[in-house]
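You will see two complexes here that share subunit A, one where it goes with subunit B and one where it goes with subunit C.
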Partner chain A sequence: MGPIQILFGTESGNAEMVADDIADALEGRGLEHEVSAMENFEVDLLTSADFAIFITSTYGDGELPMTTAPFHDALVTAKPDLRSLRFAAFGLGDRTYDTYNNAVTVLASTLTELGATQVGETGRHDASGGESYSDTALGWLKQLLDDVALD
Partner chain B sequence: MEQHGAVDATATSDELLPWRDPEFIRAPWPWFDRVLRDHPLFELSDGTFVVSRYHDVMTYAKDRSLVSVPPEGMGDDPWAANENSVLLTEGERHSRIRRTFSGWLTPKAVRTWAETAARTAKEALDRIEDDGLIDAHRNLGVQPAQDAMAHALGVEREDGFPYIRATNQTMVAMGWQPTDDEVVRAREGFGFMMFQAERLIAEKRHNPGDGMLLDTMIRAADEGQLTERELKESIQILWGSAAHNPGHHVSSALVDFANNPHAFTAYKKDPSVREAILNETIRRALPEVLLDRFTTAPLEIHGVTIPPGAKIRFILGAALRDPDVFRNPDEFDWERPKEASMALAFGVGTHNCAGQAIARATATAVLDVITERFERVEVVGEPDWVFSDRHRNCEGLTVRLS
Partner chain C sequence: MNRPPSGSSPTIAVVGSGPSGCYTAQFLRKLWPTSEIAVFDALPAPYGLVRYGVATDHQGAKAVTCQFDRLFERDRVRFLGNVRIGTDLDFAELVEAFDIVVLATGLMQDRPLGVRQDPRARVLGAGILLRGLNGYPDLGRSPELSAPLGSRIAIVGNGNVAIDALRLLAKDRSALAGSDVDDRVLDLLRPLPVEQIEVIGRSTASNAKFDLAMLRELGHLSNVDLAIGETAGDEENPVIGLLRDLAASRDKARGVETGEEIQVTFHFGQSPTAVTYADGRAVLETEGTDDASRIRRYEADSIITAAGFVAGDDSAPVSWSAPNVWRVGWLRRGARGTIPENRRDASQISESIGAALREGLLAPGKPGLSAVWSQIAPFVVEFDDWRRLDEHERGLALDSRCRRKVTDLDEMVGVAVGSGRPALQST
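Coming up: the complex of A and B.
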């Protein structure tokens, strides 16, 4: 299996911190990985990836944040064949909004429509809950790694 | 008042929070406690609605229909100086302006700027003589934050203190019915900071190309992503207010440490509690006691329909001592439940503080440096606090470190 692709899309940089936390945790388990900002990642490369972890916040009225939006647009436009890709998804949001974690739902849905297979539950951090995004993300990752064979 | 449902709007309601009373301005906490207990939502005789409880502020201040500019516009309010900035714009324009600098203020990016703050603090500590005295507000609060922003912007370091005075002048005019004199001083404060912003932009245009934040924003303006006015107001805020709240926060934290030596010791010895201690200092420092928003659509709170065009005053200073969330709110307690988030201190909703990450990182860097070298802190003389009904800040704090 090739390296796990960790892709983050963000507005204020919190999803980038989650990506780094997840990368550190994978490192600790000896799992090969690469971290990329979504806006710097060519969507065609996903056709040759085995496993990817997508992390995105939600912005404004449930919109995709600054660096997720162009990546998502590229997916929709290029329509890469993602049938060989398995992926997991983690979102950062705020439960007090009706559009709580809408962006990760939109992104996961698009990836699925392109043939990718989502594994595990979509992780969701609630900024209004008080738990740090690192703790939530690492708890979610542990569950994911317990449930899914990635190596 | 029938359209509003069950809310009192009487002359008496104006007395619940006596905005211009000097004692209220100095220590509004007993008044806040009373409205939290008895009047979680009330209407002033001028039609302003006041919301104070934590969960209400957390919920309703985020409502996307609220805006920061009154329906009649800013008029000749001194704060019209920031009408073309992230503070007073909404929607796509707000996002467009904010995105020209937000990538430089992410939690990861600010680590580099915080290293500069730590260096400035270390240099200040190196200058302490045998008596252990230091002007802490200026040297540990203001200057590290100002230098951190100088690094990010790519400009020369400068004395940050004049900007504290100027920003305090502007903040006082945000208070309730400011006097003519307060308005004049606010214009002076904005004038000073705008002049400095223009100077920095002109100097950078004369000597471009370092690829730092100011250079990048000028390029964005030259490419049409920002107007000149948006650029100038953004730089006025980034540079002019870089150290204002951070300076107050660090000063307030040092007073907290002086009054709670066990917190100083815990911070020094146990890195795992530092973030929680920092959060408690932020809750207690609260530089902006309230925020005003304006409805653009009917908004229902507790069964009361607030009409479009109304002002809602969210009392952050009350919310952060709501006893349902913060037990014994006057105590310095860093072991509060994680749900008792101090996140409100940085505002909520669209206009939450874009500088939160850099403020937290520089404060952490400075407190780390102080606690690394010293065992205790004591306040010498009286701190010089600057209060209005709206804001709380510092203009002087001397401490002895030992």
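Coming up: the complex of A and C.
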């Protein structure tokens, strides 16, 4: 299996921090991985990837962050064949707002429409809930790794 | 220690530990993993606007400090609090000591309305209000925040700060669960529930600057009745549409009234012309932004102005300039944009700093913190000290609050450095 692609889209940097945490945790388990900002990642590369972890926040009134939106647009436009891709998704949001974690839902559903298979539950961090980003993300990752064989 | 070739790793001072300063430190740390980076703040607590400006009930937005904590805990960035550049340490000395100086002091002063104002009218800046509710040091004692605002309030402005002020004054104590609101200040300003709030903005509703998500949030407040006042005929837009929907869904839910409803009315396209005083009340006089004959008067016990921010005593003066000095965030761009927008600014400024060094416009070699340490050592509050204060404040929290800030500056320092502080160590 190729390296796990960790792709993040962020506005305030929190999703990037979560991506770094997930990368560290995979490192600790000896799992090969690469971290990229979605804005710097060619969507065609996903056709040859085996497994990817998508991390995105939600911005404004439920919109995709400025760094997630172009990546999502490219997916919708280029329609890469993602049937060989398995992925997991983690969102950062704030329950104060009605559009809580809208972006990760939009992204995951687009990936699924392109043939990719989502594994595990979509992780969701609620910034207004008081739990640290790392605790939520690493708890979610542990569950994911328990459920899915990635090596 | 493995240092890169000399010249490639500059010493860096950042003035101001708000979001712009911390993001800049973060980007510069990525650029130079081994550089000495020192972040100064005039206060003994870090994070500036995140701690004292972001509304106390928006703890989700405040959680961005998790990232900044890492800078100081893991990424070897030094926090040097309780050091006011220009007072405790000369700006000229800072510029001499560090290869790169980044000014990120922000803008804190409420922009005045710029109209004739009767001194008897109670007028309060939204910035001071939010800082006061956020437990800004020694502000709770100021005369501006020590008397009740009254039952009828007019808020001037149609940006997110106006909505923050409105929401915090409308929420009852229980709706502020999980916040770190300074209850003492809130009780002083609002001993009894507010009855009426009018929000008056210059812009048409189409051009109003607040985020729809902020308006939607108001729809969740069970004690708020939303209404639309002046619209200047501009009614087919998302803001008016949303306000109508929220008002309608409130009407539907009637029957569970608590008897303590707050009537909140939004007026658009009205420009203030004067603040007068009549019958013991402040009066905001306005005219239509497009039609000066459309004159209105809004009577209120207090007027809160949310017209933006300008440089005050806490902002770096224009004269602070040198070839190795950069400005970032609100100080550079003016007081606009959210925290993410200013993160992008920090990223761009960090890139230009990197380019300046690559192109040889600056030659690193200045000693950094060691050159000024002896001057600040007697009073500096470092990150471990702040951690002590941080824990102390969390421990003080009562009534479902997440924190009770220490608001006496001397007490903050005392708690932070502890009573029996060991001999100060040099770097």
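Going forward, the second predicted complex is superposed on the first by the 151 of 151 C-alpha atoms of A that agree within 3 Å, B and C clash if a C-alpha of one lies under 4 Å from a C-alpha of the other, contacts with A are read in each partner's own complex, and residues count from 1 in each chain.
Please note the rule applied: contacts are C-beta pairs under 8 Å (C-beta built on N, C-alpha and C of every residue); 3 or more make two chains touch, one makes a residue touch a chain.
Computed from a predicted structure; not experimentally measured.
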Clash or fit: how do subunit B and subunit C relate after the overlay on subunit A? clash
Between subunit B (first) and subunit C (second), which, if any, makes contact with A:60: first, second, both or neither? both
If we overlay the two complexes on their shared chain A, which of subunit B and subunit C does A:12 touch? Say first, second, both or neither. both
Tell me which partner A:97 touches in the superposition: subunit B (first), subunit C (second), both or neither. both
Touch test for A:126: subunit B only (first), subunit C only (second), both, or neither? second
Shared contact residues on subunit A, subunit B side and subunit C side combined as an intersection? 11-14, 17, 59-61, 66, 94, 96-97, 127-128, 130
Once bound in the complex, which stretches of subunit A touch subunit C? 11-14, 17, 59-62, 65-66, 94-99, 126-128, 130, 132-134
Can you list the subunit B residues touching subunit A in their complex? 58-59, 62, 64, 95, 99, 102-103, 105-109, 337-341, 343, 350, 354, 357
Give every residue of subunit A touching subunit B within the complex, in rising order. 10-14, 16-17, 20, 59-61, 66, 94, 96-97, 127-131
Subunit C contacts subunit A in the complex at 23, 26, 58-61, 63-64, 66-67, 70, 178, 211-213, 216-217, 339-340, 343, 402
